[in-house]
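Both complexes below contain subunit A, partnered by subunit B and then by subunit C.
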Partner chain A sequence: MKVQTSFIIKEYLRPEMLPSTWCGGCGLGIIMGAIAQAVHFKGLDKDNVAMVSGIGCTGRMSGYMDFNTIHTTHGRAPAFATGLKMARPEMTVLTVMGDGDAMSIGGNHLIHAMRRNIGMVAIVVNNSVYGLTGGQTSPTTPIGGHTTTAQSGSFERPMNLEALARTAGAAFYARATVNHTAALTKLIERALDVSGFALVEIISNCHVLFGKMNQMAEASKMIAAMDEDTQRTNPTLLRRADLPIRLTSPESPSAPVHELTEMEDVEDESRTWRGVMFERKGSVDLSKRYYDMLGKIHAQQRAAEEAN
Partner chain B sequence: MAQVTPGIYEVQVDKNYCKACGLCVAWCPQDVLADDDEGYPFAPHLEKCINCKLCERHCPDFAIEIIAPSEVLVIEDILAEGA
Partner chain C sequence: MPTPAFMHGNQAVAEGAIAAGCRFYAGYPITPSSEIAEILSERLPQVGGVFIQMEDEIASMAAIVGASLGGMKTATATSGPGFSLMQENLGFAVISEIPCVIINVQRVGPSTGLPTRAAQGDVMQARWGTHGDHPIIVLSPSSVQECFDLTVRAFNLAERFRTPVVLLSDAIVSTLREKLVIPDAADIAIINRTQPNVAPDDYKPYEFLQGDVAPLPKFGDGYRFHVTGLVHTELGYPTEDAEIISRWWEHMSSKIEDNLDAILDWEEIALDDAEVALVAYGGTARSALHAVSLAREQGIKLGMIKIRTIWPFPEQAIRDLAGRVGTIIVPELNFGQIRLEVERIVAGRAAVRGINRADGIQISPEHILDVVRGLERVP
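Up next is the complex of A and B:
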């Protein structure tokens, strides 16, 4: 299913701002279209959707989309979005960040937004490099990836955002790529359903800076490589990986992941998973819990006044 | 599922938006599209188009659109009628 391009431009974008300043072939435009489609298929009123973005190539997205938009300071998009969600809990808040914005400069804010489980959809566009400032090594540059500041290959370990989200207490985590556009729209739609902090990591391309230094100078080549570098999540394997975490009683038959016997006809591969990584059932948004608590306190006060 | 009839669709490229990145040409499964001298896409084999919209989905700049003739029902119209 697909919404007509002309319809997206008319309804969800600001045509006077187009064409975007992004390089030709940048995946950010594909992500922008996917967000517009997800909001359309969810049937959300665009006046009731807010988009908060930080600094970076991704930060420009709030200028092109016709929602209520804030373009905030570097890395502080989750902080601004927290305030917005607490003041206007009926709003759907979309926070758009790049990998440097979310994980290095705004790492604190991201962790605490996840810890509070504040209701927003955080979209982290991961292109493995600081794109706007000239292709420096970012927290997600893979080992051996050549960048401007790592000419002979990066030797730092890249950050595992999935493990961080799981530990910090996010409600939902999914990984998508700009190659698999239908899945991208579906995963953003699923994230919009979640009550609580839903994080969608989107693997995007920077063929101009990262691709040029890693033998993938064409956008089509770099996006096509995502199909070879990633694989869809296997729900059975994910359930098995969850086993030791879910069964907490010491008598229960749990086993560490590495001791589980390998499944037949499932190859042990090092490719990145894409799809829904985890979803915490029964998660409740912080703003909802706060206003419920406030309602109870007010009811108690009224009851006390009436008793007097 | 609507019947697919190749050859009744039109490709519209907005050169004000297009940045000639080549993604639509790379993704076209029927080889409908090709690059012209400046790198912009055009459709030399329009009769093969099956309206899969992979070019629309992968266009980062909203520059390409497949136009179905008005008598062909679009999925959105079917959904709107059902709703």
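Up next is the complex of A and C:
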């Protein structure tokens, strides 16, 4: 199911802010459309939706969308969003970040937002590069990937955000790509149902910078490659968040988590999984727990007043 | 009935915040400010408010801006190292014109410095700590009573002028205990941000008003506006148009500069016949006040100005003072941050000298008196 693009633009975008600053063929437009569709299909009232973004190409999204929007400082979006959600727990909060924003400069805020399990949908757009500043190495640049600050290829190990989210205590984690758009919208909708911190990592393309430096200068080819590089999770094999995980093993200290745990049925270890990676059952949003606690305190206060 | 109470300065700040209508606090523990968080962690839930301990001071500052957009009066408290971390999002609150209060209980710096010792070394940081030109309001209390009163005032000014307000406390007033009188709630003047009376389509969240600010609805009220750290139009959208930017600067500057009468706050003490005047603020004003009474007992014509609003600086009061006394002495627990400001304004019309230390020991009244006596021996 997909609604018309013209409807999305009219209902969910701010015409005075368009055209966007994004390059032609950038996955961010697809992602923005998917977010609008997910919000539409969930029947959410725009007045009750906030979008909080950080800095970078992805950070610009909050300016384009017709919600209550904050374009914050670099990496701090989860902290601004935490304050907003605690003040207005009834509001749907979408926190939109890039990979450098979320995992590098904002890593600490992301970890603690996940630990608190504060109710928000965190969209992490992962294009493996700092785009707005001109193509520098990001925390998810793959080993060997060429960037303007790793001209001979990056030699640092990329961040495993899924393992981090699992350990920190996120309620939900899904991975999508800008190639598989129906699934992308569906996964954002799933995340909107979660009480607590729901993270959707979206693999996107920066063909203009990362692609050009890595023999993938065409958006279409880069997006098409996402089909070969990823595979869909089998829902019956959905890994449970409460299973113990070993982050490293003596044999292979750098192996990704899924090779070490319950994923013996991996078909092709070189391919990245997309779909729901984990969902913690019985998760309750921190802001709901806080206001429930306030309710109890007030009941006690009233009881004490009546006793007097 | 006004209630007499006995409190330390941090407690008076916490109670002042509650009285002012603060309903959201985000902070990170740091000496000597932690009692403010500890007290508010108990007090805020009692009044239906939110207390949250964040992962660091960067996040604390971010959270109070986010919650303020959610319609709450918000605050954080910290000390030097945390105040340094807050500068980034303090700048965001300035440019996005979001009301909030930042309490900085000063200790000796730089860096970890002397964590439990008083200083006044953050005066210029409070003015210019975040990058770029910007308006700011900074208040400094010198007693437990002023900790309460100026905290209320900080929230009122933040709401009135849609700006972050810094309460520059210090380890002297934060830890000392003394009597204060808490007024009846009905007698405490409270200012709340104004609400729009136009339809959402006609609302300009950043209207470039001369000497005034646009109303600020809370998120969820149907206005769906954009908030950004980029320089923006009256609608809040990014712009690089120099003509618009100059109008924006005029608005940002005039909302403070056109309202100095409402913002400035100082007290003149024993100045009528004074030949020498002290200019003091914060914890050091206590020693200065005592020095004035000691001097008067000895027939020395010493007066003082106690500054409660440090930024914007009470320039006219200092300019007038320069015409009335021969010498102005500025005691402060730093190496002359306010003295330089006084020298600039006095411009040679009176002698200006400082009494300065930043070794964790406060300036004693006797020390000030010695300096004043030393002046008299100079022909």
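Everything that follows uses one rule, which is that the second predicted complex is superposed on the first by the 275 of 308 C-alpha atoms of A that agree within 3 Å, B and C clash if a C-alpha of one lies under 4 Å from a C-alpha of the other, contacts with A are read in each partner's own complex, and residues count from 1 in each chain.
Criterion: a residue touches a chain if its C-beta (ideal position, glycine included) is under 8 Å from a C-beta of that chain, and two chains touch if they have at least 3 such contacts.
All of these numbers come straight from a predicted model, not from anything done at the bench.
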Fit or clash - subunit C, subunit B, common subunit A: fit
Touching partner for A:A219 - first (subunit B), second (subunit C), both, neither: first
Touch count on subunit A, higher of subunit B and subunit C: C
Subunit B, subunit C and vertex subunit A (Cα centres) - angle in steps of 10°: 120
Which superposed partner A:L18 touches (first subunit B, second subunit C, both, neither): first
Which superposed partner A:Q151 touches (first subunit B, second subunit C, both, neither): neither
Touched partner set for A:M293, first subunit B, second subunit C, both or neither: second
Touched partner set for A:T69, first subunit B, second subunit C, both or neither: second
Subunit B versus subunit C - smallest C-alpha distance in the overlay, whole Å: 19
Of all residues in subunit A, those that touch subunit B in their complex: 1-6, 8-9, 13, 18-20, 22-30, 32-33, 181-182, 218-220, 223-224
Touch list for subunit B against partner subunit A, complex: 16-17, 19-23, 25-27, 53, 56-65, 74-76
Subunit C-touching residues of subunit A, taken from the complex the two chains share: 14, 16-17, 46-48, 50, 52, 62-63, 66-73, 76, 79-88, 90-91, 108-109, 111-112, 290, 293-294, 297-298, 301
Subunit C - residues contacting subunit A, complex: 24, 26, 45-46, 48, 50, 52, 54-56, 58-60, 62-72, 74, 88-89, 92, 96, 218-230, 235, 237-238
